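The structure is given below, and queries will be raised subsequently.
The letters A, B, C and D name the chains in turn, as written, and every chain counts its residues from 1.
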Amino acid sequence: MIPRYSRPEMTALWEPESKFRIWFEIEAHACDAQAELGVIPKEAAKAVWDRGNFEIDRIDEIERETKHDVIAFLTNLQEYVGDEARFVHQGMTSSDVLDTCLNVQLTKAADILLKDMDDLLAALKKKAYDHKDDVCVGRSHGIHAEPVTFGLKMAQAYAEFARNRERLVNARKDIATCAISGAVGTFANIDPYVEEHVAKKLGLEPEPISTQVIPRDRHAMFFATLGVIASSIERIAVEIRHLQRTEVLEAEEYFSKGQKGSSAMPHKRNPVLTENLTGLARLVRMATIPAMENVALWHERDISHSSVERGIGPDATITLDFALARLTSVIEKLVVYPDNMLNNMNKLGGLIHSQRVLLALTQAGVSREDAYRLVQRNAMVVWREGADFMELLKNDEEVTNALSHEKIEGVFDLEYHTKHVDTLFKRVFGE
Amino acid sequence: MIPRYSRPEMTALWEPESKFRIWFEIEAHACDAQAELGVIPKEAAKAVWDRGNFEIDRIDEIERETKHDVIAFLTNLQEYVGDEARFVHQGMTSSDVLDTCLNVQLTKAADILLKDMDDLLAALKKKAYDHKDDVCVGRSHGIHAEPVTFGLKMAQAYAEFARNRERLVNARKDIATCAISGAVGTFANIDPYVEEHVAKKLGLEPEPISTQVIPRDRHAMFFATLGVIASSIERIAVEIRHLQRTEVLEAEEYFSKGQKGSSAMPHKRNPVLTENLTGLARLVRMATIPAMENVALWHERDISHSSVERGIGPDATITLDFALARLTSVIEKLVVYPDNMLNNMNKLGGLIHSQRVLLALTQAGVSREDAYRLVQRNAMVVWREGADFMELLKNDEEVTNALSHEKIEGVFDLEYHTKHVDTLFKRVFGE
Amino acid sequence: MIPRYSRPEMTALWEPESKFRIWFEIEAHACDAQAELGVIPKEAAKAVWDRGNFEIDRIDEIERETKHDVIAFLTNLQEYVGDEARFVHQGMTSSDVLDTCLNVQLTKAADILLKDMDDLLAALKKKAYDHKDDVCVGRSHGIHAEPVTFGLKMAQAYAEFARNRERLVNARKDIATCAISGAVGTFANIDPYVEEHVAKKLGLEPEPISTQVIPRDRHAMFFATLGVIASSIERIAVEIRHLQRTEVLEAEEYFSKGQKGSSAMPHKRNPVLTENLTGLARLVRMATIPAMENVALWHERDISHSSVERGIGPDATITLDFALARLTSVIEKLVVYPDNMLNNMNKLGGLIHSQRVLLALTQAGVSREDAYRLVQRNAMVVWREGADFMELLKNDEEVTNALSHEKIEGVFDLEYHTKHVDTLFKRVFGE
Amino acid sequence: MIPRYSRPEMTALWEPESKFRIWFEIEAHACDAQAELGVIPKEAAKAVWDRGNFEIDRIDEIERETKHDVIAFLTNLQEYVGDEARFVHQGMTSSDVLDTCLNVQLTKAADILLKDMDDLLAALKKKAYDHKDDVCVGRSHGIHAEPVTFGLKMAQAYAEFARNRERLVNARKDIATCAISGAVGTFANIDPYVEEHVAKKLGLEPEPISTQVIPRDRHAMFFATLGVIASSIERIAVEIRHLQRTEVLEAEEYFSKGQKGSSAMPHKRNPVLTENLTGLARLVRMATIPAMENVALWHERDISHSSVERGIGPDATITLDFALARLTSVIEKLVVYPDNMLNNMNKLGGLIHSQRVLLALTQAGVSREDAYRLVQRNAMVVWREGADFMELLKNDEEVTNALSHEKIEGVFDLEYHTKHVDTLFKRVFGE
């Protein structure tokens, strides 16, 4: 966890306080169920809720001796609850507490991330409608292709994050399980009802079959999904970085008063937020492989996954939360320059209409091969000499044999390219 | 693609023949739609279907000159179709063909993999029921814990692969889209109807909004999902490798007549198939990160993803197909040794019942801390000196103050541990 | 291995023919040593060299039965050599042959890659000198910073690849070892002299201590090094892609006659080679993690590394060989546009000199904070309104209080920025 | 950084205090050099050393406004130094400070890690000599192969870490550079002498050619090397986990008084430290790919690498430091059970001698194929029925036709396998 790339709500979720609070709830709910079943006295369950408490420093102190965190916690709990604490944790194994707790944390993390994505989707949608008809050149390979609109770029990002949202909903489901199944998952020492009860209280599903642990394919899927989301963040970040290049400057991160771009060059306004997002994406993504390596635990479990999750659990979710929020803010405040968009588009002397010329020629009966040759021969002159494409075409006899001057002019109409913007917005926003 | 780790159906899917066949279908279906719209003559569409064909060597020859594969294909197609071929590909961009083709290949690959997983699930289910009640020791940290059954191990694997199957269904949906939207995805030169028509014919959904390409977050999710599945394969493979260890030998890969384990040591029967699966899992998993790195294409597209997909597209799917089939065969033929399971379980002189002793003591009123101390002190003697745990307990006065000899004996009953096998099977297999 | 991204020499190295040839040499050299030691008859060693041979199809046929490749090879060898073949492989284990062979292949691969890097270094050096003094704007964050020269960019790439070359020399050393140490590496059944002899004949060092296999940390280091080299390729590829952007166009990949940029847009000249290199870099890099996962083999060995190496061994080296050669060709033929460089640099109305103004002001006694404020206030006007920076400064009284008009003009001198180009070239090229 | 997996010295290195201290030194040394060159007054340089200071909270406060950390630091420094501070940082760019600082931190981290590795090597060497002649079975594929000694296992690990040490020395060299070259690395505003001076004072080499930043291929190589080292840690950790398995128990992590293995099962002594190391290895390794992705910065630099390095810089070095120290402690305290080693080895009824029988047969004139058949047929009986291998051979007429009973007995001699232990120790330890 890097403090400057973290936000308080998500960070709090991973602090010892939250963890032990969840442990306590798991144990206390389990006591309720055990009491219902008559396995332990009802008063014991009540005592746990009434007097149960913990103190982090004390737990740490006990753990230094026992080298076992759950036992340390239970010992500390007993110090508050007293004798009745001997009924706590009965029939359970440490992993019941640890794994269920981790899944509570991950589902809560997912909820925060889903909220983040809602905010991002709202920002993208607003920006899409604000600039729905602002024409700019589409670029493939970094080279001018044909016109699009800035709104379409935002709509594309919206669609991508709508997919990511759905993926995260699936991934959340994948880790929203609870295991209270005892030492090796057989319920030998604890009735399945306890698991059902605790799961319900915590908003989880019972894990259908656990070993000692909740199977780690679930977590691998969760972190892989975060990696995909991070990659989408990178895509938009890279787009904005490109648009802010000095020679392009079609959009720009908001640059606040007092901000300094460079200690050496006072004129600089750099896309540092989106560059930062590009790096954060790498950090989130790097959790994917270790999460997958965690799946192949030995037999009913080994504990190699634990240190990995102590790292990537907080780090990947905190970083992604921060990155989503930062991206939302970048989008909301993004300064867009429609005039520059038009200026850039016109730099190529009309070459972006070359395909339409090609189509017009073929529709006028010229063979595809010939049409391509005609277009390319004129295009290359524009490219090399900066001439005007339309003029060249009007002066090319082979072209004018097929197309009148009027037809040629019609081909250079911008609205031709934006006629399906509504169609695409309807597909994306459903409205 | 490594020939020895590939199967014919999946491999064929990625051969030039398949690819060009799909290209042809995309173009021909698009012509149908264009003809319906009146954009091109109906005869042209018919001519494409009637005379359309391609020859791989000829395409390669043309590509060597044009350095552009789709143009090479279209030129070759024209050689078969003749003049009417000028109507082919109208308003489309190469990516419309390439990306839609890739998604056809990936959905077909997913179908093969789903079939593989059905076979694997069937094998796991059969093995689970065959050994439902074969008790073996559960191990955490590689150390004996408490009894489970071999059937439960198989059921756990079944549940894991049932989850993986569902993930793959989701991932398949993610890449089952078709884009026929023209140069930069604006439908400027082609009506959205063409996309709808081609999508329907190919069993895909129209891509709601493409740039020039189908967005690569879809493919990232797909390959990440393959990575998770591979990790689950690794888990089972590692389990079997452990069970086949000389000192354990609770299960063993089938060893055919004529097979040789070692050029030097003729007695050896090695778990080479599951070791191989462990390696194959790494190979499948390694596609995840490059697929994620592919997401951040520049502007409306760059072509950096293409070489990556030429590698990981075939490699990850072919390897996973092979690995799933190999795992299925390993499971089907797995030789299981229930006697060895019991022998191993009894090695620890009854220590695996220590938790039950602990529970019995607390239920008899001993404090948890005291109970733990009593159990551990006897357990450590067994551990060090190989004594019999039950006997020691019967001779420990502090223990017998709380538990009668009869109670102690009751605690060592194996059926206690298997009483919920039915519950778990019902949860997993629903029956 | 993707045929279109492979070159014949490297590809041949990984074909069965090469592999079995190396196997044969290992066995035959081992026989010589064994004969010298008197362990086997001298005639047997001679017979192996004289009559030894193999046929790939026949080996495959035998392997289908034995499921063991080395035994299949030895059986086939015996078919050629006859009875004396029983002395072949004596005291050796399959891994002695397999691992030594792999290391021969990897060292040969490294030699090809080193040759590739020499070619690349030569191309970079030539380009560096050709454009040593061609001034272009340096960009940080994609934003104009201060002037550099195109030659410096090439020199930087040269220095980076000179480092990479040294890393590869180290990595080659790491895998240039030979193990002929028998079943579990103890030399129980074979004298260490045999290993020394074979190592010498094959240009390798004896592995100081092997288990059954040559330890895989060596290979992990090798593939990690390839990953770093690939990342450097990506860096230069991305640089060229940026420089070829329509709005920048300071350099451009060579575009051959007959080449087609787009099936739809005939005017397009896309940086497809460097985009391709960006993707190939991802492919090479993905071998790193599986190679690291291969290190932790079980006990004296398991065979999980083998399938991984069958994949990444050929794939990473073939792809990197192709990528290096392609990059060399891109650099050699790169079309550079010095005029565009100057035009781009002048776009910002002199803002790139802002730091020098800042320095001049502080040297004239203005406080750093004040100087920064003065420069930024004028720079922001240029940025917003496109004004001329020098003119603005001359009209800013606070500035002219510290700097005369002559001093201000002096600050806008381009040669100021290139005065250390010679220093840097001397550092990089030593001349 | 995970507190429980970190040690104070390495952690301190990455704290703000250390960072700003290094920044201060870079700036102050640079002032000295500038004063020597006559660029700034000697008193200014003296003032910086005399009065220079910083306060972290104040820097943070300023950064919140300027959003630029180096400017914030310089502003705070000025508050201590006063007016003469305007000569500080002259001609430098932020990256000169940041990148040189990072390399100081990484070289210091490398020094700590090298010390860690020396400790580990010493522990491995001691354990190797302590158990040089303790025979245990070597295992390939988890299956008994032939005898080795526990000392050889330790020697193998020693050799592996000696290689890793050398790799880290190389990697340290790779990042031990200093750049003080100004805005885009051209030395336009600062004399190369300043870089040379600062480099010397900080124990670094001048970066031959920087852009605005020190090239990131250096850091990629550094983190990749940490990844290889982590993989070697995993290998030994996995070895110990295997040896501690209940059925094997040839070695065991030290289990302290008071330690608790399981909250549920008091008898358990789990290899939790080596399982933890297995997980930590994954964490260190995951830095490799993002470090490689950092290489391809745009043009003269972008800042995407920065957030990545804020994560992996501390995390990978702190985790590896902790892991090396933990592994050293595990090795030092490792409890070794030579008796269990012999017991396990004898479990297979002498089958581990099968290869020697094979050799003896071929040396007695039996063909390799026949010898293999004879050995395998007897071995399979042992395998299936638990018979004694030597007895079976003595009763196999085809065998006794070639080998006398005496010869057969000679083949079962353990010392045969350990005769080259000295050779191997000499190779590894040079003594």
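The rule we apply is simple: contacts are C-beta pairs under 8 Å (C-beta built on N, C-alpha and C of every residue); 3 or more make two chains touch, one makes a residue touch a chain.
Here is each chain with its UniProt name: A, B, C, D = Adenylosuccinate lyase.
Because the structure is a prediction, the values reported are computed rather than measured.
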Identify which chain pair among A-D, B-D or C-D reproduces the interface of B-C, meaning that over half of its contact pairs, matched by residue number, are the same. A-D
A-B or A-C, whichever has more C-beta pairs in contact: A-B
Give, as an integer number of Å, the spacing between the C-alpha centres of chain C and chain A. 32
Separation of chain A from chain B, taking each centre as the mean of its C-alpha atoms, in whole Å: 24
Which residues belonging to chain B are in contact with no fewer than two other chains? 74, 89, 139-142, 145-146, 183, 189, 241-242, 260-262, 264-265, 270, 272, 275, 278, 285, 289, 293, 298, 302-303, 355
In the complex, go through chain D and note every residue touching chain A. 1-2, 4-5, 65-68, 70-71, 74, 89, 92-94, 182-183, 189, 241, 256, 258-265, 270, 272, 275-276, 278-280, 282-283, 285-287, 289-290, 293-294, 298, 302-308, 310-312, 315, 319
Using the touch definition up top, name the residues of chain D that touch chain C in the complex. 74-75, 78, 83, 85-91, 138-142, 145-148, 152, 155-156, 159-160, 163-164, 167, 170, 174, 183-189, 192, 206, 208-212, 215, 217-218, 220-221, 224-225, 227-228, 230-232, 234-235, 237-239, 242, 278, 281, 285, 288-289, 292-293, 295-303, 355-356, 359, 362, 367-369, 416-421, 423-424, 427-428
Please output the residues of chain B touching chain D within their complex, sorted ascending. 137, 139-146, 241-242, 244-248, 260-262, 264-272, 275, 289, 293, 344, 347-348, 351-352, 354-355, 358, 372, 375-376, 379-380, 382-383
